[in-house]
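For reference, chains read A, B and C in written order, and residue numbers begin at 1 within each chain.
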Amino acid sequence: MKKEMICISCPMGCHLTVEGEDGNYTVTGNTCKNGEIYGIQEMTNPQRVVPSTVVIKGAMLSRLPVKTADTVPKGKIFDVMKAIDEVVVEAPVKMGDVVLADVCGTGVDVVATKSMAAC
Amino acid sequence: MIYDVVILGGGPAGLAAAIEAKKEGAENVLILERDRELGGILNQCIHNGFGLHTFKEQLTGPEYAERYIDMAAELNIPYELNTMVLDMQDNGDTKMIHAISEENGYQALETKAVILTMGCRERTAGAIGIPGFRPSGVFTAGTAQRFINMEGYMAGKEVVILGSGDIGLIMARRMTLEGAHVKAVCEIMPYSNGLTRNIVQCLEDYDIPLKLSHTITFIHGKDRVEAVTVMQVDDKLKPIPGTEEIIECDTLLLSVGLIPENEISRGAGVEIDRRTNGPVVSELRQTSIPGVFASGNVVHVHDLVDFVSEESVLAGKGAARYVKGELKNEDNFTTVNGDGIGYVVPQHVTVSNIDKDLTFYMRVRKVFEGSVVNAYIGDEKIATKRAQKFVPAEMVNFKIKKSVLEKYPNGEIKFVVEPKEAKK
Amino acid sequence: MYDIAIIGAGIAGSYVARELSRYQLDVVLLDGENDVGNQITMANSAIVHGGFDAPSYKKKGQFNAPGNIMYEKVCRDLGVPYKRTGSLVVAHTEHEMMKLHELYKNGLQNGVPDMRILFQDEVHEMEENLAPDICGALYSGTAGLVSPFELCVKVAENAVDNGVTLKLNHLVTNITKTDAGTFKIETTDEDIEARYVVNAAGVYADDIYKMVGDPYFKILPRRGVYFIFDKEIGDLVHNVIFPCPTKNGKGILVSPTVHGNLLIGPDAMPVEKGDISTTQDRLDYIKENALKNCPELGHYFNKIIRSYAGTRNTPVADTYTTTDGDFIIEESPVQGFCNIAGYESPGLTSIPAAGYWMVEEVILPMLKRDGIEPAVNEDFDPKTRPHIYFEEQPEDVKRELIAKDPKYGKIICRCETVTEAEIIDVIHRNVGATTVKGVKKRCRPGAGRCQGGFCSPRVVEILARELGCEMDEVMYDAKDKAYILNGKTKSQN
């Protein structure tokens, strides 16, 4: 099996070619190690970081930006969004605070990406 | 009191410039920010992908901003929020900044140096003159981004996006994640104006069609957007009759370019480069007015915040040296756009101000494959920049060593896109 | 029950309302829109014409010059931006020069002061950016610029200050004569009863009249398309520059605006009522024609910040009547029902004279005939509290304003330097703004180069706070229809 793809690990946007079968892939076209990791992951288990917002009470704004602290399986993005939708936090919040642990059983936490004071 | 450096804008450019100015020995530094918090546009850019160059990790916009806000706090750099600068006057040795705020009223601040870091604004529907009605529901992508990410309100359910700039691509994904249906992204050029990775992770991941060589020729709906007419364009970018397609939608987002905000600069008499729409600057980002520096999107529109920070370090350094009387102004070289080059920043170079090397930022005019960018002084090729390909959406960073520049007398540095094997 | 109901709160209806408020009469001003001055008044050339154009035998010719002279006081009383700049009708040929002399003579007949025929060198001395082949011009020193929607808002506000009732979102759907001889006006809201009706319904005046009488005029909507340029090139010309007029109208003009922008347009395209869309061919036509008089503009098409279209309400003959295309200002064949219709250009300029005339020479005599002689409203005050344009104040006044009200220290619209205090003020006055467009019309946030990109979230927030509603309930313009936001991003709030 052979697949062409564009690496999204950084803004370079290298054109990758991934060839191989189950667990045995070779990546060409990449200009760094991240490209190889990305290429193989796209074939086996594509992953994305999900950035979004959650409701925050008692802060200057009514939304707190958050993200999944690591990548989650691409197929679970909308499940993660649904779980995030339920979250309500109270100010103050520190950047990096976990607002939702182990989202959708992925083992990945959803964390605040901004500190917000109470006001 | 006379300030050493007043910085107009507390976004990524202003923060990085202030931090560097302070580190380089400027004493009284003040940041004036018009919004209610520091961080500028990064506060609404909640997606990740920032900071790969600066911090070697993928941060979201607010995280990137917060790192700089924390650094500024550590250095005890004061700032005033909700403060609008009305104008700036150049009085020679000092500059006067007139600013107002609810908290501090009307202030006339005297300062030795100024750093302009006001950023940019989005090109609007009015500016590009889309025919049709003028209903509610036409947003620039950044305005929709603010409503959705910061205010927490949705700006539409059925969305068409005109322009494939990065903010438009990011918003295509963002609105999809929040439950909207993004029907198409139309781009008048035959190539995308956003970063390739954003095409992949914002459009392809969600099966949002990117219609290259397509534009919107009519906005329907008197009160709220009801539909748009989309047409294919020919190689002169003119709509091709017979290709009309009406797409029903309630929202049109525009991501059709950014324009540096230089009203204060112009008012003060700063020379503006009509190619960048930003001030003409030197290697340490001094404008045509001695003591007035500029960096970030107010100088030229960047595609990565990392380079905004990098450029702002230069401006901060320049301002601090100016205040200390250490800034040279020999103006050894001016930069020239050769074939294929849209603009080059900086436009002026004083070699003795450079530490080790100087990065020239530039954009190519169209997509070039199998090409290099060469730098010439006179007939002599002094350096070459290689890449897989050069595209207008991605700024080219062309680093040249100080030791190379020192070899030449004053003159022009010309940047040219040439075929890889070109011999001149 | 009202004495007089005025249908249409554009400049004509609002001005007649204000003139009527000088008397002790119960007057109601009705409009189908969510704001006053939201149609023809909203989108036009914004010019106070000298008055040499229309023939002196028409009302257009009779009211223009006096209206122009009255503008200064009206705008001073109401605190409306108004600038007397002068205008030039330029000629490219000998034939056009002859036409200028005709206009000049007509102007003298209309009583237009301060007119001169300029020779080629005088024209180019006065305006350095005009086409070199322009060989002469008719200068009219009294021509000027106004902000029509600000004028309309202030006229309506002053009318309400003086006792007139304003009812917006009351679109008239039917009118019947009652047994008592009054008029029952059915609207999309409540029914209104009034002894007399003034029909000032602009493009829809013929439709309104048809509800009570046999049609004797028709309104032909003719659309005009415009461009607005950034203030950066607002001084490209100093006078209003007209081409030589043709049978289709005054032609594509190049003009400064009262707020310092540059405006070009309009064409004149017959359209369906309500069609205020722009089209590519028309936009191109405007540019081409503006270039003929001002070729310099060619460098600045990247400084365009907005294009828009408005409609004229041109009176034309109905199938079995004739009209000479003049203003229709009269009591109609239906007793007690007056029309101010076909009130197209120079309607805006004429309104101080035409509105006065309509009240004193049409409405009051009609009332007197019916035995009604209203007493003078002793409390009538022609002045409104002026709007404070922060940006235009000198430094010491700016300092004072912020010291008195810190909200003057908070800039909401950075392009036009509009403060929060100004926005709050225009929301809470009589005839206050209830929409984002209403705020923009009154004090300009969003009218600048970023077109509301930065300030619209703030303006929505301020409107929501001041009107006591949620942000997603704030409209851009039309009630319920022109929504900006649709709900919140999360289900938890």
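One rule holds for everything that comes next: a contact is a pair of C-beta atoms (placed from the backbone, for glycine too) under 8 Å apart; a residue touches a chain by one contact, two chains touch by 3 or more.
Please read these numbers as outputs of a predicted model, since none were measured by experiment.
**Student:** Taking each chain's centre as the mean of its C-alpha atoms, give the chain farthest from subunit A.
**Tutor:** In terms of C-alpha centroids, the chain at the greatest distance from subunit A is C.
**Student:** When you take the mean of every protein CA atom shown, which chain's own CA mean is nearest to it?
**Tutor:** B
**Student:** Return the chain pair with more inter-chain C-beta contacts, choosing between A-C and A-B.
**Tutor:** If we tally the contacting C-beta pairs, A-B comes out ahead.
**Student:** Between subunit B and subunit C, what is the separation of their C-alpha centroids in Å?
**Tutor:** Taking the mean C-alpha position of each chain, the two centres sit 39 Å apart.
**Student:** How big is the gap, in whole Å, between where the Cα atoms of subunit A centre and where those of subunit C centre?
**Tutor:** So the centre of subunit A lies 54 Å away from the centre of subunit C.
**Student:** Would you kindly tell me how far, in whole Å, the mean C-alpha position of subunit B lies from that of subunit A?
**Tutor:** One centre to the other, that is 26 Å.
**Student:** Would you mind listing the residues of subunit C that make contact with two or more other chains?
**Tutor:** Those would be 489-490, 493.
**Student:** If a residue has to touch 2 or more other chains to count, which residues of subunit A qualify?
**Tutor:** 53, 55, 62-63
**Student:** Residue numbers in subunit B touching 2 or more other chains?
**Tutor:** Only 150-152, 178 qualify.
**Student:** Flag every residue of subunit C that touches subunit A in the complex, lowest number first.
**Tutor:** Residue list for subunit C touching subunit A: 489-493.
**Student:** Tell me, which parts of subunit A touch subunit C in their complex?
**Tutor:** It is residues 53-55, 62-63, 85-88 of subunit A that touch subunit C.
**Student:** Looking at the complex, which residues from subunit A come into contact with subunit B?
**Tutor:** 5-11, 13-15, 48-53, 55, 60-63, 65, 67, 74, 77-78, 81, 95, 113-115
**Student:** Where on subunit C is subunit B touching in the complex?
**Tutor:** Residue list for subunit C touching subunit B: 227-228, 232, 274, 276-280, 282-283, 302, 304-308, 395, 398-399, 402-403, 406-411, 414-415, 417, 449-454, 456-457, 461, 471-472, 475-478, 481-490, 493.
**Student:** Residue numbers of subunit B touching subunit A in their complex, please.
**Tutor:** 36-37, 43, 46-49, 52, 58-63, 65-66, 149-152, 177-178, 195-197, 199-201, 205, 303-304, 388, 394
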